[in-house]
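Listed below are the structures to be examined.
Look for subunit A in each of the two complexes below; its partner is subunit B in the first and subunit C in the second.
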Partner chain A sequence: MTAATASRGVRPSRPRRSLMGPIALLVFLAITWWAASDEFGIDFDVPRLLTNLTRGASILAEFLPPAWDFLPRTFGPMIQTIQMAVIAAAIGCGTALPVAFLASRVSTPNRFVFLVDRGVLSVVRALPDILYALVFVAALGVGPLPGILALILFNIAVVAKLLSETVDGVDPGPIEAARAAGSGKAQTVRWAIFPQVLPNYVAYSLYAFELNIRASAVIGIVGAGGIGNLINAERRFFNYDNLTVILIEIFVLVFVVEMISIFLRRRLV
Partner chain B sequence: MIEFEQASVTYPGGVQALKNLTLQIPAGQMMVIVGLSGAGKSTLIRAVNGLVPLTDGDVTVDGVSVRHARPKQLREIRSRIGMIFQTFNLVRRTTVLNNVLMGRLHDAGTLRSMLAMYKHEDVEIAMQALERVGIVEKAYVRASNLSGGQQQRVGIARALAQQPKIILADEPVASLDPPTSHVVMRDLQRINRELKMTTIINLHFLDLAKVYGERIIGMRNGELVYDGTGAQADEHVFRDIYGRSLTADDMLGAPAPAG
Partner chain C sequence: MTAGATQPKEGRPKRPAPTTKRIFTLIFVAIVAWAVLTIDVRLERLPDMPAALANIFDRMFLRDGPEWSYLPDAVGYMIESVQIAWLGTIIGAILSLPLGFFGAKNVSSGLISNIVRQILNGIRAIPEVLVAVVVFIPMVGLGAYPGTLAIGVHSVGTLGKLSAEVIEGIDPGPVEAARAAGGRPLQIQRWGVLPQVLPEIVAFWLYRFEINIRASAILGAVGAGGVGEALVQSLQFRRFDRAGMLIIVIVVVTILIDTASGYLRRRIIEGGDRPSKGAAREQPELAVLRPGAQADAPGGP
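Here is the complex of A and B:
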């Protein structure tokens, strides 16, 4: 047996199994236990959760039936929410386009610009939209304007990140052709890269618009305009049956926007 | 006139793709480079327009050093050199005309080209380039809807739109079938003769090299191992260049069509 295999090269012995996998799993379990324990963590107790679940039933019952006569009063704030989402998406996604090209190794003019742009994007991305809304409401007062500003920042962060990663992966062939033809950096981006990523850019912008509709419900709660303002008011007066109407409305709106965006994206490819 | 003076290229990994090459290519010549893959053919071609920078020696185009050119000067040199690629390097999602107009970018001005507001003359030059390769009826078709042979003609039109003095072609027919290969090679030959453009072509099919190469140079391991006419290059010469006996894979096989 050993003689027969000798002439066809040597089979390697099986490498020792790495312990990294089991160790990582143990560490993960330990951290989870730490977070849930009553000594160090938040005292997450599943049996108690189950036995107390029924206590909320009486409050939940107040959500039903939906108070449909409240519906007309929601139209104004709802339209404002859509308007905020549109304006923020237009400005945010428009700004994200150049920002994304500066943040990709493929299209950036130099290393300094690349690092600064990447750095700024990471900082912007670090805070969630509701915190930006808090800051802008504090600075500018309540109303849709601080909400729009918060959404713009959020859109730049999301679209620029996704788009710069797409630019990283474009076909380098046309870029080489443009350089060989004596084209400048900006011209190369415009004619060799931009057409390649245009469908992705439109898809990301539609996605950002969807996120804006959702997010503007939340940021309104801290006073940044739109349907969130109304949610906050009704919640404070315990008008839960009115809240149900708003929740159903947001659900329908998000669903419709998503359908439209899926339809548009499909036509693009 | 293109002149290599003891030109060398060593890639960051330590591979020496070009070793001390000295070579002169007079204006108007149609020169074919043959050699195995990895012999340094692509590097030689890309050294002419500075896409691959030299690590030693120099290349001059009409007396101007490519290696020591400032960025703006380098763009100016490149604008006078059209380039054709094995995989065409077209932007597949946009129109044929937009691809050919890339050959006018060097002259278009940044703002105008950003807004796609090309001058009337530039569009006219692009259309004429498409007419020369017989594909002008596809001007407003998406590049991805064209066959391989048609795409390569768009690639040639893009190079012609630069109104260059030199054409570089890196394996221009390696992605095409044999009859289409001859069509494209004859386009290049006609352009060389009618427009008097210096033409440098990498080929790995030896029969094509013999038919179309006014001059043939052989490369092996980054060095020049043959320099002569196509007529002189027989099987012995090619065996020397390749360092092995020839096989059917080294030939395209299809004879050039009559005419």
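Here is the complex of A and C:
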């Protein structure tokens, strides 16, 4: 682009060669070799991969055709999955609202609360949902309850993080107006900040619900209820054609939920 | 807000009609009530819950654990998870780059890009744990290997979609210039498109690596290697002291890598050390949530 301003006939000079490129490439190759190697890493080699893939084709054949007569037996666990996702989203996103306001510089009452809240949030976010499910199953026994708890934590983490960043960026005008009219901290949040971030909050909550549907299909595998339980049972007995049915069902459910959520989000913004 | 500004001075702006809002609230309440009332949770267990949770927390971090002598082993398992995530991300990156080009309307044709986009959406709809459990563990057996493959395949979905979107947003100038200079189709992509999109795509790869670290920690829970497997076993044998140590290691390593990778991403995209702003920049996959963004495609991280 600067070439246009240079005088005619003169080529723009080459940018100076930087050492950063080669160094980054070297570091990248070193890490990759380390990770793939037999001694230090996970022993990943491509020739073996190819033999495995050809051998695996025969196993994949067992997935087809889907055993459609298995379908009625999946409805109960599937509904439980949806119930878990709904309950967790309602509780989790509700809790995330105050947590988010405490975690934003704009609306937090003081620096101490702000730092503690931020710290707790980043720790909670560092653990994936299924690990919470594992721990809760160990504490409470199998069933949907530990699954719901895991999803609640996960939702609080996701929604509070996103919402607190949105609150950071709100228009300061209404806040000033509310202050000038003599409102306290809580009133400012309620009447000057909350209405501004409400559409985002709803969008984030819908997004969390979508993630829940996907996640609650998975956390059942470790014993936390829902369709994942059934997946676990069927794979133990090598009923791969039944698994295909479940997979197709999850796929359809995720698709439908996302369509609804996209429609609602469009209406909001 | 705009209503107040454009309205003539006399009279307050009218309140918006509450009907739609009420209907949505009603539907929302009905759905939640249905879920709460019909779910098969043994409610009599609910009162014991806080005590049970406090007990396990106590045994993990205060009374019995964390068992610090287990630290080297725990770090070893976590390193295995990081390696799985790294290699899985590379597989995803290699496979997704060409798919990104084919999925971009301005580079490939409308029909091909639509087909590619739908395939990518399909891949994204199925979580990597399911990919591992259903496809790769039966195919190649337990261990780190199927986990890496599952992460690689699942990453293709998001990475391909994001790459295609970046490619669709390029400045057409360099492409025209390459064509005018007589570049062949592949050369046009290499010199007209790739330099424009590479920084942002590499940033996506790094971001995906952060997500994949969590995914690979999860994968162990179904027998696909890494720290998750160690955690499952320590919980099964009720070695909560070890589980506590593992959790601490997971949290610390994840936060460290997030921080390093986030710094790198900002450097790559902005070329300097200016801080960036906004959730969408920080977490590219949330770009769909930005107002005005075309959220046409289903699928998520």
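Keep this in mind: the second predicted complex is superposed on the first by the 245 of 269 C-alpha atoms of A that agree within 3 Å, B and C clash if a C-alpha of one lies under 4 Å from a C-alpha of the other, contacts with A are read in each partner's own complex, and residues count from 1 in each chain.
Rule of thumb we're sticking to: a contact is a pair of C-beta atoms (placed from the backbone, for glycine too) under 8 Å apart; a residue touches a chain by one contact, two chains touch by 3 or more.
Because the structure is a prediction, the values reported are computed rather than measured.
Trainee: Between subunit B and subunit C, whom does A:186 touch in the aligned arrangement: first, second, both, or neither?
Mentor: Only subunit B; A:186 stays clear of subunit C.
Trainee: Report the partner of subunit A that touches more of its residues: subunit B or subunit C.
Mentor: The partner that reaches more residues of subunit A in the superposed model: C.
Trainee: Examine A:262 and indicate which partner it touches, taking first as subunit B and second as subunit C; both and neither are also allowed.
Mentor: second
Trainee: Examine A:198 and indicate which partner it touches, taking first as subunit B and second as subunit C; both and neither are also allowed.
Mentor: first
Trainee: Figure out whether A:131 sits in contact with subunit B (first) or subunit C (second), or with both, or with neither.
Mentor: second
Trainee: In the overlay, answer first, second, both or neither for which of subunit B and subunit C A:176 touches.
Mentor: first
Trainee: Now for A:165: first (subunit B), second (subunit C), both, or neither, which partner does it touch?
Mentor: Touch status of A:165: second partner only.
Trainee: Once the two structures are fitted together, what part of subunit A is touched by subunit B and by subunit C alike?
Mentor: 199
Trainee: Which of the residues in subunit B come into contact with subunit A in the complex?
Mentor: Subunit B residues touching subunit A: 49, 51, 75-83, 85, 87-91, 93-94, 98, 101-103, 105-106, 108, 110, 113-114, 155, 158-159, 162, 168.
Trainee: Across the complex, what residues on subunit A touch subunit C?
Mentor: 31-32, 34-36, 41-44, 49, 52-53, 55-56, 59-60, 63, 80, 82-84, 86-87, 90, 122-123, 126-131, 134-141, 143-145, 148, 161-162, 165-166, 169, 199-200, 203-204, 207, 210-211, 214-215, 217-218, 221-222, 231, 235, 238, 240, 243, 247, 250-251, 254-255, 258-259, 262, 265-266, 269
Trainee: Contact residues on subunit C for subunit A in the complex?
Mentor: It comes out as residues 31-32, 34-36, 38-42, 45-46, 49, 52-53, 55-56, 80, 82-84, 86-87, 90, 122, 125-127, 129-130, 133-136, 138-140, 143-145, 148-149, 214-215, 217-218, 221-222, 225, 228, 231-232, 235, 238, 240, 243, 247, 250-251, 254-255, 258, 277-279, 282, 286, 289, 291-292, 295-296, 298-301.
Trainee: In the complex, go through subunit A and note every residue touching subunit B.
Mentor: Of all residues in subunit A, those touching subunit B are 173-174, 176-184, 186-187, 190-192, 195-196, 198-199.
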